[in-house]
Amino acid sequence: MSDATIEGFKAERERLNEIVMKYSGLNIKRFYNLDSQVYREGVLPARTKELLGLVASLVLRCDDCVKYHIIQCSEQGVTSEELEEALAVGVVVGGSITIPHLRRALQDWDELQSDNESE
Amino acid sequence: MSDATIEGFKAERERLNEIVMKYSGLNIKRFYNLDSQVYREGVLPARTKELLGLVASLVLRCDDCVKYHIIQCSEQGVTSEELEEALAVGVVVGGSITIPHLRRALQDWDELQSDNESE
Amino acid sequence: MSDATIEGFKAERERLNEIVMKYSGLNIKRFYNLDSQVYREGVLPARTKELLGLVASLVLRCDDCVKYHIIQCSEQGVTSEELEEALAVGVVVGGSITIPHLRRALQDWDELQSDNESE
Amino acid sequence: MSDATIEGFKAERERLNEIVMKYSGLNIKRFYNLDSQVYREGVLPARTKELLGLVASLVLRCDDCVKYHIIQCSEQGVTSEELEEALAVGVVVGGSITIPHLRRALQDWDELQSDNESE
Amino acid sequence: MSDATIEGFKAERERLNEIVMKYSGLNIKRFYNLDSQVYREGVLPARTKELLGLVASLVLRCDDCVKYHIIQCSEQGVTSEELEEALAVGVVVGGSITIPHLRRALQDWDELQSDNESE
Amino acid sequence: MSDATIEGFKAERERLNEIVMKYSGLNIKRFYNLDSQVYREGVLPARTKELLGLVASLVLRCDDCVKYHIIQCSEQGVTSEELEEALAVGVVVGGSITIPHLRRALQDWDELQSDNESE
């Protein structure tokens, strides 16, 4: 039932984004806007786009980005089996150097699954 | 009707893979095998997996890998609109440094579309 | 007086950008727009921004991007001594893996200097 | 007035550099030396070189390196507006994968600004 | 005599690998297997392979991977002088962006040396 | 007996290095010097260091660097079996994104082996 890690991550992310907005000019704001637009439902479903964002984040090895997309995938109703197949593509493309990130990704996923079950 | 680039790429890739097999031991052969397994139809459709491979290749900026997945996407019946949305995720995640690869990806796609129309 | 490489690069880049625009939706077009905005003269001079773009491209090892910023630096009146100091930062940050790109960057710069002298 | 994070970072960095020196031979020592030389005032001002180091570190996504250059930029009198324009180049070149690092960079900057104001 | 960091790392790694196995299908399991095969004694000694894994991890800047190979190098009887020469190759190839990882690598090494001496 | 590719590569590399030296100040020259020092025979044999350089270049996916170290490995008497085991480490660490570079590496190696046999 503990979702401290996930909730803590969301709160910290929001706090830091406020600092970004405090210093940002028009271009960084436009980039932030664009960054949310590309994941919107389109001819590709939003859940497919979240999987694309997840795999891109995994092969580029960004923990924060992986965690964010893991949360989004969970909210979009991605199943554990679908997630595993997407992560397998990422691990094979990106190599063993991605494994520490895979571990943390699946730990987050496991936490989110426990939360869902206990609701 | 010219598909010289695409066909030439496929032939060269096959020629070089033969050299790889000439020198490879069991581990590299296993890796090659695994690399084909992860794109097989599963709970995620093969075409979704090709889009995952494409976006991973774009953000890691590997022209040969991008070209390979562009061809696979075309063979899997991905539409131009779907491809564009996947590439948009890749460009935003990976930044302007991916743009030269985006250009070459869409040139290959354009060639494949022309080939399809003229058949 | 030969600037075949540089001129050929510019023409090919323009040709491929037309293919990108043919397939792009709003988000990729917005990204292209943003990519030109961030190099505009601001509180930092445009030439400083080109040096930032150059060093970022060098450490990320993108030949096309390096070549583009080398041309822009030349057009902005960056001197050979300034360019060398910026590239030295890039080589030390990015390591010997950047050296092949350094070589091609300075070959392009050398060609541009010859063109300028012969005008 | 709290500069715990920044001061803690500096102390830890110094402590670890002593361990590096304990084990290093001539080549790593030369590299360390070179790494400080390239940021020295030259035909390009030291502050411009710090901005180059910052943007290179941002696109390569190294938190420690970003933090170090943020501190140096502050000591060199870079303004918030100049910093923002440099970071905007980095974010557009490096993509959304740099955003977690941008957040932490601006948090450090914000802390340094508060310290300066309270002096 | 404190090996809390190293032991804690090993325990956490094992705990997370169990979560990975809980969700993994055949392909990720095969990748894990392959990842252990390539470091086995062969025509190249296992210790040379660990140095290869270490340098690859350093230039790709993965702290967990570096730490893992530092431990393996210690267990394989690599000397401090050999380690230093391998790391020097990594630092020169990968640039100053690897230095924060070099620092943490040598801190782990230093801890392992102290443990060995006190045994 | 054809070693056109390898010989052409060496000649072009030398030509470009002359352009680098024409524009370089002390720091880039020092970096070049350091880059040759770290591969010198030491407590680790030169051939082990070349394998380290090769695997680092493979995982960072730099064709020119891979080709250079393939040539050096050949000159240092590395066997095909040793090379294969080192490359297998690189492919597993770096993932399928390294495969296009593996192909070109083994093509160069194959050319060098043919040259050696025909001497």
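A, B, C, D, E and F are the chain letters, set down in written order, and residue numbers restart from 1 in every chain.
The rule is short, and it goes like this: a residue touches a chain if its C-beta (ideal position, glycine included) is under 8 Å from a C-beta of that chain, and two chains touch if they have at least 3 such contacts.
Just so we're clear, the structure is a prediction, and the values are computed from it rather than from any experiment.
> Which chains contact both chain B and chain F?
Touches both chain B and chain F: A, C, D, E.
> Just grab the chain with the largest centre-to-centre distance to chain F, centres being mean Cα coordinates.
It is A.
> Counting a repeat as over half of the contact pairs in common, which of A-B, B-C or D-F repeats B-F?
B-C
> How big is the rotation relating chain D to chain E when the fit is done on Cα atoms? Please round to the nearest 5 degrees.
120
> Rounded to the nearest whole Å, what is the centre-to-centre distance of chain A and chain C, using the mean of the C-alpha atoms as each centre?
A distance of 33 Å separates the two centres.
> Rounded to the nearest whole Å, what is the centre-to-centre distance of chain A and chain F, using the mean of the C-alpha atoms as each centre?
Centres of chain A and chain F (C-alpha means) sit 38 Å apart.
> Taking the mean of the CA coordinates per chain, how far is chain A from chain E in Å?
27
> Among the residues of chain B, pick out those that touch two or more other chains and give their numbers.
27, 31, 34-35, 38, 56-57, 59-60, 65, 81, 85, 88, 91-94, 96-97
> Which category does the touching pattern between chains fall into here: line, ring, star, complete, or other?
complete
> Taking the complex as given, what residues does chain B use to touch chain E?
26-27, 30-31, 34, 37-38
> State the interface residues of chain F toward chain C in the complex, per the touch definition above.
Per the stated touch rule, the residues are 13, 16-17, 19-20, 22-25, 27-28, 31-32, 35, 56-57, 60, 62-65.
> Spell out the part of chain D that touches chain B in their complex, as residue ranges.
Contacts found on chain D: 59, 91-98.
> Under the touch definition given earlier, write down the residues of chain D that touch chain C in their complex.
34-35, 38-39, 42-44, 48-49, 51-53, 55-57, 59-60, 65, 79, 81-82, 85-86, 88-90, 92-94
> What part of chain A is in contact with chain E in the complex they form?
Result: residues 61, 80-81, 83-85, 87-88, 91-92, 96-97, 99-100, 102-104, 106-107, 109-110 of chain A touch chain E.
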